[in-house]
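These are the structures, in structure tokens.
Each of the next two complexes has subunit A plus one other chain: subunit B in the first, subunit C in the second.
Up next is the complex of A and B:
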């Protein structure tokens, strides 16, 4: 076919689109709705998954963890007795290979504050190594992160608010008068405390936005002096009995500690019923009797970027190669994906249901195009006969109809892409606020996002959804055209 | 003037013409019917799924979280996540007296006292659990604890007796701790006077409610025993009121509010965060269903437009032979309605069958949550809900939306001049 012929055929197809304008508009609208919704849903799913994954790696697990095999098998029960020693040697080996590592001893227990009690997961960490490897450490809402060697503890913001620890963000008037203003010992301090808060119309107060760090520290110290930050950890130490294989000994333990910071990071798991305290302060009989034992070592490459998910050097295989024979057989190294089953289940479910919905919608709009083309071709049987009688080949006729259908798809796709992008802009910038749900479920709903679920741009999918929609609609013209072409020319000329 | 008889005869004649017309192009009809069927099927199946989920959540909320109406002290409500026992209902008024008064109210079936508090476990790898103090005998008259098998939920042994130092524990908890019936379960809890209280009940039963939070965390103890241990006097921490019918809860809530007075927090099950949220999302799904139905109706709209264009000569003929504009419009409108009815019927059949088959197979929620979301009040096994109401609703919705969409293009036929049309 010559180029000019193709151009003529394309022009003919375009003009044919205008023959039933309403019909064309309705069909393109259907395509546009499907494409726009697909772009919106895909962008949203991508946005929350990208952010969740980054937040898991940056705030929760690092790129990989070393644990004993026995611990991993029961990891949901936090079996502290399945611990191991020799973390120092492993860390040294990892540092030499260009990896950061952070040892942890994880245990559960109950935290008693002056005002209440709550079950908690306690992470005994090395504050220096933890700060280098994970990113929640700078997200201290008030106070600071615990220092090595001290009985200090940092708690998640949700539990701090409920246990009445830290600086209350929105106290009620009565609570403010008794607990916060009551901490002031003289007039000057009382004036300072008052200046820290503004009164709201609903009988509560809120912390002034412009308060500086020094003022926060001062208020923290005032409140700490009242005993507000003094807490007690009640737990049972489980250890393997050296004399009786398989038996576990239990030792009841109470540990006094001072809350020095409240954590509010973008990953809800760090803000719920979780506390962090220095591992070196828990080694002896007055702590958790660790004697150098840890339950896990977190690993990330020293030069890892927060915005990039673990890959290349950070894959479990590469880390294992770097460790070589240093890893004892009872220990195993697993990537971050093995530790976040709840997120992957929630994400997979949303992914599948949303996509099924959109695909159903796509099917509907393609039946629409098929119907439109079927009618268009049927209606023009006589014309088709005429064109063929005048010397147009079958492939040229087919091309004309395919272009016509493709144009419906293309116009619909372009409009759909435009609308989809327009919806995406506010979704990327602002997102939808799910903080109420996050609070209701104590941050435990699979996704690792605290409040705003935002979309992300996915240019490849945006373009591809348009291309696929165009190709599919072009293809929908083929069956009815082939059928029309089977008719002898003389018959189609006589067709009524 | 036409008589009524003629009018009726006219209508059925129009419908007959419309019905015959849909078979003039089989493929087109097939496509339209398929599109409507897909939309209706989707709507019915999605709704069956959603309602199954909502029913599951509402039932858990009514059984475990709030009853039909829930009464707690304002202080308890503020710190409810940690189940404080320092704030008894109505300032520690005699619970039995309160219950008797509430049970005298109209529509109230029963008022049940309950206490929940945290327990720290000793000699165990599991560190904490929830103590659930309930009047077992009375509870079982009102509530069905196992939501899947619809029975009392007892797997082994029996429930603890009144006043005895006995307990029943959840099946997952029993497995994790490696305990069985006859074992002791030493624990510590904090009383209303902020003092530590030690308790060493004997396990007499293992229950399985198929509600993960309870199977994993809860120790059931007799209400009166826990009341004594926690030094609550004659008071109770919470009251769960059950009505003859869940829909009476709003009225009962008002009555109880007046009865217990200030300083207490009365809520009905509809106030629960999850129930309220799902009610909101129902609206969202309604919009999604609407979009589906409208996109499917686009096909019928197009068909009607094409049909009018194609049969323009016939319209002229019909007009010339004395059919009014209203009658001509009706013919095209009925044709579209037939298409949507056939589509909706097929969609209902397929959607109804799919949701009926789905309703026979329990779905394990673990698969969807991967072990997370323990704070969501939902039974571990959910069923897709099959109900004729959903199928009928899907049919009516499908036909109504499609009919409304096709009315406008059908009207187009009314603007055609018979004389002009005949000449085309």
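Up next is the complex of A and C:
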């Protein structure tokens, strides 16, 4: 087919768009909505996933972990009896190879405060190494991070609120009077406490936004003096019985500690029922009887950038190469993805659900286009017959209608891309505040985002969604055109 | 030179379970430059004959030769190409493409033949001049009268200089004065350009203009007159 012929057929197809203006506008709008929604949903999912992954690595797991194989197999049970020794030697080897490492002893138990109890996961950590490797330490919203060698503990903000630990952010009037104002020992302190809060219209009080760190520390100390920050850990120490292979010995243990900080990081996992305390304060009989044992070592490259997900030097293969023969056979090193099954499950489910919904919308749009084209082709049966009488081949007639439908798709796609991008701009810059949902679900909803779910730009999907919509639109003209072409030319010419 | 030749042309239709014998062995031949009308009452088979000769439909049996091409064994695409090259059509309802201007409608057959834009435009303008619509190139069909639209249809049929122009009831939608003008125009073109015209009609005026008249009745040639 010559270029001039294709050009004239395309011209005719374009002009035909104006013949069925209302139908064209409706179907173009349907395509535009589908494309815009696809871009919006895809950008949102991508944004949530990117941020979640960064937050997992930066606040939760590091790039990789070393655990015993037996521990990994039962990791959801937190089997502390599958711990190992020799973390110092491994850390030294990793440091020499350019990696930061942080040993941990993870155990579960119950945390008792003066006002309540909560099941917790306790992370016994080396505060210095932990602060170097993970990024949640600067997110102590009140107090400070525990210091080495002390029975101090930092808890997540959600459990702190549940256990009435730390500085209440929005206390009821009664709670304020009895517990916060009641902590003041003189008028000057009472005035200070009052000045720290502002009264809301609903009868509650809120911490003043302009309160500085020194004031927070002062109030923390006042409240701590009342015993508000004193807690007790109740746990069971599980140990392998050296005399009876396969048997696990349980020792009930109570450990008193003082809460020194409340964590509120961008990763909800660090803010939920989780506590951090120094590992060196738990080594003896009054602690966890660790004797140098750890359940895991977290690893990250010393020069890692928080904005970049682990790759290259931070892959398990490269870390293993750096460790060489230093890693005993009973230990295994695994990447961060092996420890975040809940996130990947939630992400995959959302991904599938959202995409199915959008694909259904796409299908509906294209049924609309197919219907428009069916009506247009039916209305122009006589005209089609005349074009065929003039010598237009079936493929040329098909091309004319495919171009016409493709143009509807292309115009709809362009509008959809524009709308999708316009919606994406505030979603990328500001996002949507889901902090209430995060709080309601105690931060346990898969995604590692605390407040603002932001979108991300995905240029490939933006372009591809338009291209696919255009191709699908064009393809929707094929069945009705083929049907029309089955009709003899004489019948087409007689069609009324 | 023979432009169209049919031998024992038979066309049967199935209609509501019944077989309609539209043509029953029509053998006719038309020479180059003829101005002929195939006439007859409704259902006589004149339109069917025109459709078969125009390669728009396939005969049940018999042979058709158009411009030296035996059309019986041709594929759909080959028939389309034959129509594109050798046959022009004029329809009762004009059948112009509403979204194209008069000039674009007239140029379309040349575009399909692969002519370049300039050549198609110039030939289209010339054809419009020939049918007396020199200044109407940019008008859309809906902006023209029935007579003007039929002139555009004639120009469209004529522009590619086909061996044969088939006109199916070309004056049926026009008043008698306009119909006569259209017939005068076609006759003049026939004389000046030498294009072969075959009409199907039951209009007395068309029959009067025709230089050869073939009367069909019940799908058979009933009478043939040459003037």
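As a working rule, the second predicted complex is superposed on the first by the 418 of 496 C-alpha atoms of A that agree within 3 Å, B and C clash if a C-alpha of one lies under 4 Å from a C-alpha of the other, contacts with A are read in each partner's own complex, and residues count from 1 in each chain.
Basically, contacts are C-beta pairs under 8 Å (C-beta built on N, C-alpha and C of every residue); 3 or more make two chains touch, one makes a residue touch a chain.
These numbers come from a predicted model, not from an experiment.
Subunit A is touched at more residues by one of its partners, and among subunit B and subunit C that partner is B. When the two structures are aligned on the shared chain, A:215 is found in touch with neither subunit B nor subunit C. Legend: residue contacts after superposition of the two complexes on their common chain; A:493 is shown touching subunit C, with no touch to subunit B. In the superposition on chain A, A:280 contacts neither subunit B nor subunit C. By the document's definition of touching, of the two partners only subunit B reaches A:29; subunit C does not. By the touch criterion defined above, A:338 reaches neither subunit B nor subunit C. Once the two complexes are laid over each other on the shared chain, residue contacts for A:386 go to subunit C alone; subunit B is not touched. Counting contacts as defined above, no subunit A residue meets subunit B in one complex and subunit C in the other. Residues 20, 22-23, 26-27, 29-30, 33-34, 37, 76-77, 79, 81, 108-110, 115-119, 162-163, 234-236, 238, 248, 250, 252, 341-346, 349, 357, 360-361, 363-365, 367-368, 370-372, 374-375, 378-379, 436-437, 440-442, 444-446, 480 of subunit A are the ones that touch subunit B when the two sit in their complex. In the complex of the two chains, the subunit B residues touching subunit A come out as 25, 27-28, 31-32, 34-35, 38-39, 42, 46, 79, 81-82, 84, 118, 120-128, 176, 190, 273-274, 277, 288, 291-292, 295-296, 298-299, 301-303, 305-306, 309-310, 367-376, 409.
Interface residues of subunit A facing subunit C in the complex, by the touch rule stated above, are 2, 4-5, 7-8, 11-12, 15-16, 18-19, 382-383, 386-394, 396, 488-490, 493. Residues 51, 54, 56-57, 76-77, 80-85, 87, 89, 91, 93, 95, 97-100, 104, 107-109, 111-117, 120, 156 of subunit C touch subunit A in their complex.
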